[in-house]
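Read through the structures below before going on.
You will see chain A twice below: alongside chain B first, and alongside chain C after that.
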Partner chain A sequence: MGYLDIEHLYFQYSSKRMILKDINLSINQGEWIAILGHNGSGKSTLAKLIVGLLQPKEGRITVDGVDLLPENVYDIRKKIGIVFQNPDNQFVGVTVRDDIAFGMENLQVSKDDMLKKIDFYATKVGMQNFLDKEPSQLSGGQKQRIAIAGILAMQTDIIIFDEATSMLDPGSRAELMEYIKELHQEGLTIIMITHDIEEALYADKLVILKSGEIYQQGDIPTLLKHPEWFKEAYLELPTAIQIYYDLKQAGHDNQELEEYLWAFSSSK
Partner chain B sequence: MKNIIIGQYIPGSGFLYKLDPRTKIISVIVLMVAVFLLKSIVQLSIAMGLAILILIAGKISIIRIFRGLKPIFVLLIFTFVFQIFFNKEGALWVDETMTIGFVSITSMVLWTIIWRMLAKFKKFKMILFILYIGGLYLIMKYITYGTIFTTWQFLVYEKGVEMSFFVVIRLLIIITLSTVLTLTTKPTDLTQGIEKLMRPLKVIGISSEDFALIISISLRYIPTILDEANKIMLAQASRGADFAEGKLKDKIKQIISLLVPMFIIAFKRSEDLADAMESRNFVPGRERTRIHDLKLGRLDLLTGLATVLLLAGSILVRIYL
Partner chain C sequence: MGIQFKQVNFSYTGMQKGYYEAIKDISLSIESKNEFITLVGQTGSGKSTLAQHMNALVFPTSGTLEIFGKKVTSKRDRHIKYNDIRQKVGLVFQFPEYQLFEETVEKDIMFGPLNFHKTEEEAKVLAKKALQMVGLNDNYLNRNPFNLSGGEKKRVSIAGILALDPEVLVLDEPTSGLDPKGKRQLMDLFKSIQEETGKSIIVITHDMDLVYEYAKRVLVLDKGNLVFDGSPEVLFRMNDLSKFHLDYPQTIRVLKGINERFNLSIDIYQKTVHDATAAIKRGLNS
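And now, the complex of A and B:
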C-alpha cells in the first residue's frame, strides 16, 4: 500500500470510448513519479481523477488510506494540489497576494496566518517582491511559480504538475524544474504529467501511458534499455540516449562515450 | 494593450483614498439622491460648487475628471439640444426663420464635406463639431436666395434653456461623483465594498460572496482577454483582414470573425479556471476567510455625517424653497 493508490481505474466521458483502462498505480510518500504519454493518452484525465475533478467509472483511488469520494473530496484536496498547463487559466486573484491566498481562504485559514504564509511561500518561490503585481505584469514562469506558492501555502503532501512547463520558455522551464527538485528534496511527493522525456528523467519512477493504459512502468535506467517501448508508445528517447543507440547501430564502439551519455541522462 | 487600466483607479494620497469603500459607495448614492431633490439651477450650481470642493479636498485634479467626461460628451450635447428644441414653456427667447432651399442644401453638403475633410485633426474634433453645427445654423438662417423648398421656425423658450442647463449640470454632478468613487478606489476594494453591502441579500438567496468573486474574476480576466483579442486581430491581419478601414458591413463581418474565436477561447479558459478553482478547494457558498478586511475609521464617520447633513439640507431646500 502506498500513500496514493489507484486500483483498477476505468474512465470514460459519456458514451465515448474508454479514456483510461485498468490503471493500477501505487505512489509512496516522498516519491517523484513521472507519467509520460503521447497526446490523448489520457494522462491529464488521470490527473483530474486523482484530484477528484472527474469521477471514475470503475475502480478506486485512495489517498492516505481514505477512499476518494465526492463526499470527502474537500478533505482529500487538502493533501493533493495540482498545477495546470496554462499559467493564465489558473490565476484566480487580481494580484499575486490574492492568488496565493485563494486556496487558504477556501480552507478558512485566519487572516494573520495567511499573511505570514504568503510572505513565507512567496519568498520560497522567489516572488516576494511581486506581491502587489497583477497577472498581466508577470511572465508565464512567474505565474506558474505563484501557482506553486498557492499550493504550498495549502500545505499539501502531493503536488501534481500537469504539463506545467509546456507553455514556458526554456529558461523558465529549467528554473521551474529546479524548484520542483528542491520541493522533492524537502520531502514533497511529486507527480509529473508530461510528454517530454527530458523532463521525466528527473523522476524516481516512470509510468508510460499508451492509449489509456499503463504500457510500462519502472525505474528510468531499466526502461531506457528498451528503446522499442518508447517508439511503440509514440514517444521520443532522451537525446543523449538516442545518440547512444544511433552510435551503437552504426557499429561504433566507444565505451567511454557510451558511459558518458548514460551518465548525462541520469544526472538529473 | 497590456497596460490597460481597469476602472479608472489612480493611486493618490487624499482623504478620499483613506475612506472605506463602503462609506464611499453609500455616500455617492446618498449624494446622488440629494442632487435629484434639488429643483433650481441656483441650488444645483451650489451643489456643483460643493462637488468641486470635494475634488479639491481630495486632491483630485479637475482636468482628470473633465477627461473622464469625454466619452459622454455626446450624451450631454444630445440632452442639451433635446431640451432646447422640445421644451416650449416660458417666454420666447429666440424666433428665427430657417430656410431650406436649393442653394442652402448645396451649401450644407459642401460644409459637411469640408467638415469631414478636417476630421483628421482629431485633437480639435469637439471644436470642429461645434463649428459645423454653428455653420449649419448660419447657412439655414442667412442663405435665403435661390429656389426655396420650405421654411421652419427655430424657437427657443426660456424654460428650454433653463432646463437644458439644469439637466446637464445635474448629469455633470452625478458623473463627477461616480468618477470620484472609481478614481480613488481600487477595483478590488470596490468589489469588496459591494460584497459587504450586499450581505443582507442572503435572505433572498443571493450570495454576495459569489457575486463579488464573479466581479473580481471578470476584472482579472479583462486584460487577458483583450490581449487575446489583440493576438487574434494580428493573426487575422497577417492573413489580410483589415480592421481599420472598409465599409460598415465589412467591419461588422470582421468583428464577428474576431468574436467567434474569442468566445471559444473564453469558454475553454473558463473551464480550466473552474478546474483550477475547484482543485484549490473552492466550493461555492462555503464559508471562506478573507485576506482583505475592511475597517471603518473616524474619517468614515465624519464623511457619513457630512453626507447625511447634505442630504438633510437638500430635503429642507426641497420642502421650504
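And now, the complex of A and C:
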C-alpha cells in the first residue's frame, strides 16, 4: 500500500470510448513520479480523477487509506493540490495576495493565520515583493509560482503538476523545475504530468501511458534502455539518448562518450 | 507591401497604477512572401500584442503601422476598411480549438469566408481546399469538431483562417499543448504551406528546438523591446541567452557538453540528431 493507490481504474466520458483502462498505480510519500504520454493518452484525465474533479466509472482511488468519494472530496483536496497548464486560467484573485488566500478561504482558516501564511508562502516561492501586484504585471512563471504558493499554504502532501510548464518560456520553465526540485527535497510528493521527456527526467519513476493504459512503468534508466517502447508510445527520447542510439547504430564504439551521453540525461 | 512597423508603441491601461507598456519603439519590416519567422521571448514580453498589431486587431498607442499599403495609427480612419487587412493577414489565436463552435467541420471553416461576403458555394470550395492544406481529407468535412483530437482541432481552426486565403499567416503559440510528435507535424505543415504557397508565416513559440530547426528568421522580444532580428544561426551563437529568458536547443547543449568534457572541437551548431551524430563522428576522427 502506498500513500496514493489507484486500483483497476476505468473512466469514460459519455461517448463509448474508454479513456482510461485498468489503471493500477501506487505512489509513496516523498516520491516524484512523472506520467508521460502522447496527446489523448488520458494523462490529464487521470490527474482530474486523482483530485476528484471526475468520478471513476470503475475501480478505486485511496489517499492515505481513505477512499476518494464525492462526499469526502474536500478532505482529499487538503491532501492533494493541482497546478494546471495555463497560468492565466487559474489566477482567481485580483492581486497576488487574494490569489494565495483563495484556497485557504475554502478551508476556513482564520484571518490572522491566513495573513501570516500568505506572507510565509509568498516568501517561500520568492514572490513576497509582489503581493499587491495584479496578474497582468506578472510573467507566466511568476503566476505559476503564485499558484504553487496557494497550494503550499493549504499544506497538501502531494502536488500534481499537469503540464504546468508547457506554456512557460525556457527561463521560467528551468526556474520552476529547479523550484519543484527543492520542494521535493523537502519531502513533498510530486506527480508530474507531461509529454516532455526532458522534464520527466527529473523524476524518480516514470509511468508511460498509451491510449488510456499504463504501457510501461519503472525507473528512468531502465526504460531508456528500450527505445522501442518510446516509439510504440508515440514519444521521443531525450536528445542525448537519441544521439547515443544513433552513434551505436552507426557502429561507433566509445564507452566514455556513451557514459557521458547517459549521464547527460540523468544528471537532472 | 507586407507589414511595416515604424516606432510603434502600445500601452495597456491597467486597473491600478496607470498603464503598462506592452511593446516599445518597434521598427520592423515583414515581407509579404516567403518569410518563416518565429517570434520568441519571455511570457509577458509582448509577443501576442505584437502579433495582434499585424492584422490591426489592436492599434498602436503611438507610431505608424503599414499593413499591405494601409496605414494604421492610434486614430481609426473611417476611410480604411480594416477588415481588408484582416483578410490579408490571418491571425490564429492561442488555443484556437476552444473557439470551434459549429456542428460540422465544414461549417466551421466556412464561417470566415461567409463573413467576408463569399457565397455559400464559394465558401464550400474554400473550406474543402483549406482542409486539404492542413492535411485532413474530405471525410472530415461532415464530422463534429468536438469529437476530434487536440491536434485535429488545431488543424481545423487553422483551416478556418486559411480559407480566407491570407497572404500572411500569424499563429500565436500553435504548438502549445501538443506532444513532441504533434508539434513537429504541425511545424512540418507550416513549412510545406510556406513552400507551396509562398505565404509568409509567423509563429510564436517557446520551443528553441523548433526555432532552430524551422525558422529562417527569429524576432526576440524582451520587456516589449525588439532585441534581436536575424537568423537562428546567429541567435544561438550569442552568449548568455538567459538574459532574454531563452535557452539553447538541445543538440547544441549536448554537443557543447561533449566538447567540454572530452576537450574536443566538434562543430556544435547542428539542427538535428542525425547531423549531431555525424558531427561527433567527424570530431572524433580528426
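What we mean here is this: the second predicted complex is superposed on the first by the 268 of 268 C-alpha atoms of A that agree within 3 Å, B and C clash if a C-alpha of one lies under 4 Å from a C-alpha of the other, contacts with A are read in each partner's own complex, and residues count from 1 in each chain.
Everything below uses one rule, namely that a residue touches a chain if its C-beta (ideal position, glycine included) is under 8 Å from a C-beta of that chain, and two chains touch if they have at least 3 such contacts.
Given the structure is predicted, the values throughout are model-derived calculations rather than measurements.
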Overlay on chain A: chain C relative to chain B, clash or fit: clash
First, second, both or neither for A:I158, with chain B first and chain C second: neither
First, second, both or neither for A:A203, with chain B first and chain C second: neither
Chain B versus chain C as contact partner of A:K111, first or second or both or neither: first
Chain B versus chain C as contact partner of A:K78, first or second or both or neither: first
Contacts of A:L46 with chain B and chain C, given as first, second, both or neither: neither
Touching partner for A:L224 - first (chain B), second (chain C), both, neither: neither
Partner chain(s) touched by A:S136 [first = chain B, second = chain C, both, neither]: both
Shared chain A contacts, counted only where both chain B and chain C touch the same residue: 94, 134, 136
Partner chain C, residues of chain A touching it in the complex: 15, 37-40, 85, 87, 94, 134, 136-141, 163, 166-174, 195-198, 234-236, 238-240, 242-243, 246-247, 250, 252, 254, 256-257, 260-261, 264
Parts of chain B lying in touch with chain A, wherever the complex brings them together: 2, 187-188, 216-217, 219-220, 223-224, 227, 269, 272-273, 275-283, 286-293
Chain C - residues contacting chain A, complex: 12, 14-16, 20, 40-45, 147, 149-151, 173, 176-182, 206, 208-209, 242, 244-247, 250-251, 253-254, 257-258, 261-262, 273-274, 276-277, 280-281, 284
In the complex with chain B, residue positions of chain A that touch it: 48, 51, 53, 74, 77-78, 81-82, 84, 86, 88-95, 97-98, 101-111, 114-115, 118, 134-136, 150-151, 154
